[in-house]
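One chain, chain A, appears in both complexes that follow, with chain B as partner in the first and chain C in the second.
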Partner chain A sequence: MLKYWTVFKLTIKEYFVYRLNFLLWRLRVFLSYLVIFFIWLTVFESKTNFASYNKALLLTYLLISNLISSFVLGTRTADIGAEINSGKIINLLLKPISFFKYYLTLDLADKFLNFFCAFFEITLLVIIFKIPIIDLKNPLLFLIFFINGVAISFFLSLIISFLGFWTTETWAPRFIFTTLIFFLSGAYFPLDLLPFNLYFFFLISPFPYLFYLPTKILIGKIDQLIYFQFIMSFIWVLLSYKISYKMWVNGNKSFSFFGR
Partner chain B sequence: MKHSLKIFFYLTKLSLKTIFQNKIGSMFFIIGKLIRFVFFVFFIYILFSQTKLIRNYNFNQIIIFYLTFNLIDTLSQALFREVYRFRPLILSGNFDLVLTKPHHPFLKILLGGVDFLDVFLFIPYIGLIIYFGLKIPNIHLISVFLYILFIFNSLLITTAFHIAVLAFGILTTSVDHIIFIYRDLMSVGRFPIDIYKSPVREIFIFFIPTAVVMTFPAKILLGILTWPFFLWSFFVSLLSLFLALRLWDFALRKYQSYGG
Partner chain C sequence: MITVRNLTKVYQVPIKGKSFLSDIFNRQYQENVALNKISFEIAEDELVGFIGPNGAGKTTTLKILAGILYPTAGQVSVVGYTPFEKKAAFLRQISFIAGQRNQLIWDLPVIDSFYLNKEIYQISNPDFNKRIDELSSLLNCRHLLNKPVKMLSLGERMKMELIAALIHQPKIIFFDEPTIGLDIFSQETIRHFIKNYQKNYRATIVLTSHYLEDVKRMAKRLIIIDKGKIIYDGSLKRILQEYSKGKKVSLFLENEAKPELIYAIGRPVTYEYPKVVFFIKKEDLPEKIKLITKTLPFTDLTVEDESIERIIKNFFKNQ
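For the complex of A and B:
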């Protein structure tokens, strides 16, 4: 356990070695909040309600979903594809540590740092623009969905990276994956604003389970599909774990480490 | 000039050939960009499903802003893709080899890698601008002429920015974060600058010219750009180009050939 704690601490320290890069990266993340935040703020200048959302509820949704996504989506597994392609992965495989636990530790360090910075930035936004925030609810149910979201995100990202065992072009599927996440996980608007059939179709995919549903539960908007969503979130955890594990096993069998 | 054009077309031809070497990756990349575009249009559609106007702009007008943003953004990415690959040249010392060639270094490091993956996207963007432009009343031939003129003006500013990034690359060896900060700052222009509250709006007009680059061309097409801002646009482009070239000269004098 101690070795993973050391990995965790070193990962955090690594970010602070390149301080300017770190600051610029956070500025980029902050800018990406601004566009969506301001467009919704403008919409509510002429309206008090948008479908079933009032101003406070929708803005709380946007800010909380950003905060949760900063944790759920924070990952270092995106590096694995390049490490497989370059053969660098052999360095890790030869060490007496678990590959999955090692990357989970890197991910957790990234997630905590992301979350801490996002919390600070969002608080700043709330104070400067005097955003009304509603009280948060259902902490226990939120926790279950949140942990499932973190697990699904971790395994899906591994699946994309493990494509590196069979192709050198892992960046393109990741680009599509990232694009899909931001729209189908509700980063721009709550998915229940969509027509019901389309909303239900999205609920079959893993994306709403990443941070849309945890946020929705936290702001107290539980709908009649909650049992279905609960079961689906566990199904996606299991399915994404099984697929990533199978890809890992098969990838290791078919892979040759050239150049090292 | 003829000599430079010959080199430019030769490098462009080579750049096109590299796309056909990564057919699957290229295909995924274009699909990813199209998905992102379609989803964002869908997001705008969702916003207008509950309201007719956002800050006095209707759906067609907001789409014109978004399409103009995409056109300028894609145009500058397509032309200046080589800037993204400048850092390794500096770190390895291979920039010396560019400087000793009998042509202007910008031919290689600024314009030497036209990205055809972005060029392909012009077709849907221009087609849609014409389609939505025809739906908006009071767009005259002179507005269309001024729109094209303003797009060229925006391109001058983006050129200046990319030259400045190259200069910073020489001075600090940092390119990636600066270029991505630029892109995030420009992404603020996906919507009319009027949606942002003061002083954010003024910052993006007078200090960081996102509004000038991304939203003024659409405003001139819609006939809502006032004369002072008309003049401000051309002043900004000339000033930024002048400053960028001065910075480039300064950086070249400081260049020490780090690598090699």
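For the complex of A and C:
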């Protein structure tokens, strides 16, 4: 266990080597929060409700979903594709350490740092814009969906990176993956604002399970599809784990590391 | 310690198709045999040099022995384990050091990478401190421990890579081109260190290098591999004796000698007054030395072995 704690500490230490990069990155994230909030504050200037959401509920959704997404989406697994192609991954293969646990630790370091900064930035937004926050509910159910969301995000990202075993072109699939996350995960608006059929179709994909559903549960907006969502979240954890593990085993067997 | 039986490795290399679509939907592969049924054994405490031309299969063999690559056929056993299974108990006993690869954390001080390895290999605090102390004094690099990796020169980094790779005192070490790109002083330090380390810790070492001098200085046993097959497995001394055709004789002349006197010894390899260099066949050596001392006025005479590069070239010519 101590080895993973050391990995965690050193990862955090690495982030603070380039302090200016770090500050500018956080500034970019803060500006993106501002854009979303300005749009929704403008919408609520002329009306008190938007579909089934009132101002406090929708703004709380945006705040919480951004906070949760900062944790769920924080990842270092995106580097793996390049590390396979450069052969750098060999260093890890030769050590008595679990590859999955090692990357999960790197991810956790990234997630905690992201979450800590996002928490500070979002609190700042709440104070500046005097945003009304509703009471949070269902902590236990939230925790289950949240852990599943973290697991799905981790395994899906591994799947994209493991494509590096068969192709050098992992950048394009990752770009599409990131775009899909932002369209289908409810980063800009709650997905239940969409027509029901489209919403249900999205629920079959893994994306709403990343941070949309954990947020919705936390703000108390549980809908009639909760049993279906509960089962689907576990199916996606299992499926994404199985696919990533199979890709890892087969990739290791077939990859040549030729000239690396 | 290491047993390899009929080891074969075939790479599937994609062939560029006629069109972009055929590349995606109907990709064709060509089979490239990197290793063709090779067999050998390496005993405990041996230092074996693995040489051969580019693409001969040296690094592929090393990577299979370390468990990085999956063999197509054949049996491999290293310290009683099948390497590709990558059991923790196996990984704790080996180390793979490649001159071109970096395992240290680039942005952090070197010591942080060592701490990480300490935890990964579960080394106790007293052992860790003792080993860092020993290895850094052997390599004379104590002063670099707190320097960020990115600030080190290539030679300094290689020393640190060695410490990081040996901190868990592996029983088997695979060196893949450990001196590549280093200046002659660093090359010498690394060679000296590897040799001493092997002697002190009784480690089994398999070494590949393009610098044959590395192999000559360190290994007693040599395995030569070409086109995926072992073409020589035996003592380095034997190959040097069998395939060395002669000696390099260098003279520093006292004063300029007449060309006919020089050519009476043989056609010089180089002649730039005052230095003249001959290559003399082994069987002619006593007679030619006598002739030199009799006819040429010189201040210094040295007789050197033929370079190992030339001897190995002779070996390949004879295959």
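In this section, the second predicted complex is superposed on the first by the 260 of 260 C-alpha atoms of A that agree within 3 Å, B and C clash if a C-alpha of one lies under 4 Å from a C-alpha of the other, contacts with A are read in each partner's own complex, and residues count from 1 in each chain.
In this text, contacts are C-beta pairs under 8 Å (C-beta built on N, C-alpha and C of every residue); 3 or more make two chains touch, one makes a residue touch a chain.
Everything quoted here is computed from the prediction, not taken from an experiment.
Peer 1: Using the touch criterion from the header, give the chain among chain B and chain C with more contacted residues in chain A.
Peer 2: B
Peer 1: Should A:L94 be classified as contacting the first partner (chain B), the second (chain C), both, or neither?
Peer 2: second
Peer 1: Thinking of the overlay built on chain A, is A:L2 touched by chain B (first), by chain C (second), by both, or by neither?
Peer 2: In the superposition, A:L2 contacts chain C only.
Peer 1: Quick check for you: in the superposed arrangement, does A:L24 touch first (chain B), second (chain C), both or neither?
Peer 2: Touch partner of A:L24: chain B, not chain C.
Peer 1: With both complexes overlaid on chain A, does A:V43 touch chain B (first), chain C (second), both or neither?
Peer 2: In the superposition, A:V43 contacts chain B only.
Peer 1: After superposition on the shared chain, which partner residues are touched by A:F175: those of chain B (first), chain C (second), both, or neither?
Peer 2: The answer is first: A:F175 touches chain B but not chain C.
Peer 1: Quick one: in the complex, what on chain C touches chain A?
Peer 2: Interface residues on chain C, with respect to chain A: 11-12, 63, 66-70, 86, 88-89, 91-92, 94-96, 101-103, 105, 107-108, 112, 115-117, 119-122, 148.
Peer 1: Using the touch rule from the top, collect the residues of chain A that touch chain B in their complex.
Peer 2: Touch residues, chain A against chain B: 20-21, 24-25, 27-28, 31-32, 34-35, 38-39, 41-43, 45-47, 50-51, 129, 167, 169, 171-173, 175-176, 179-180, 182-183, 188-189, 193-194.
Peer 1: Which residues of chain A touch chain C once you look at their complex with the stated criterion?
Peer 2: It comes out as residues 2-3, 5-7, 10, 13-14, 17-18, 87-88, 90-91, 93-97, 252-254, 256-258, 260.
Peer 1: Which residues of chain B touch chain A in the complex?
Peer 2: Its residues touching chain A are 22, 24-29, 31-32, 35-36, 39, 42-43, 46-47, 49-51, 53-55, 174, 177-178, 180-181, 184-185, 187-188, 190-191, 195-197, 200.
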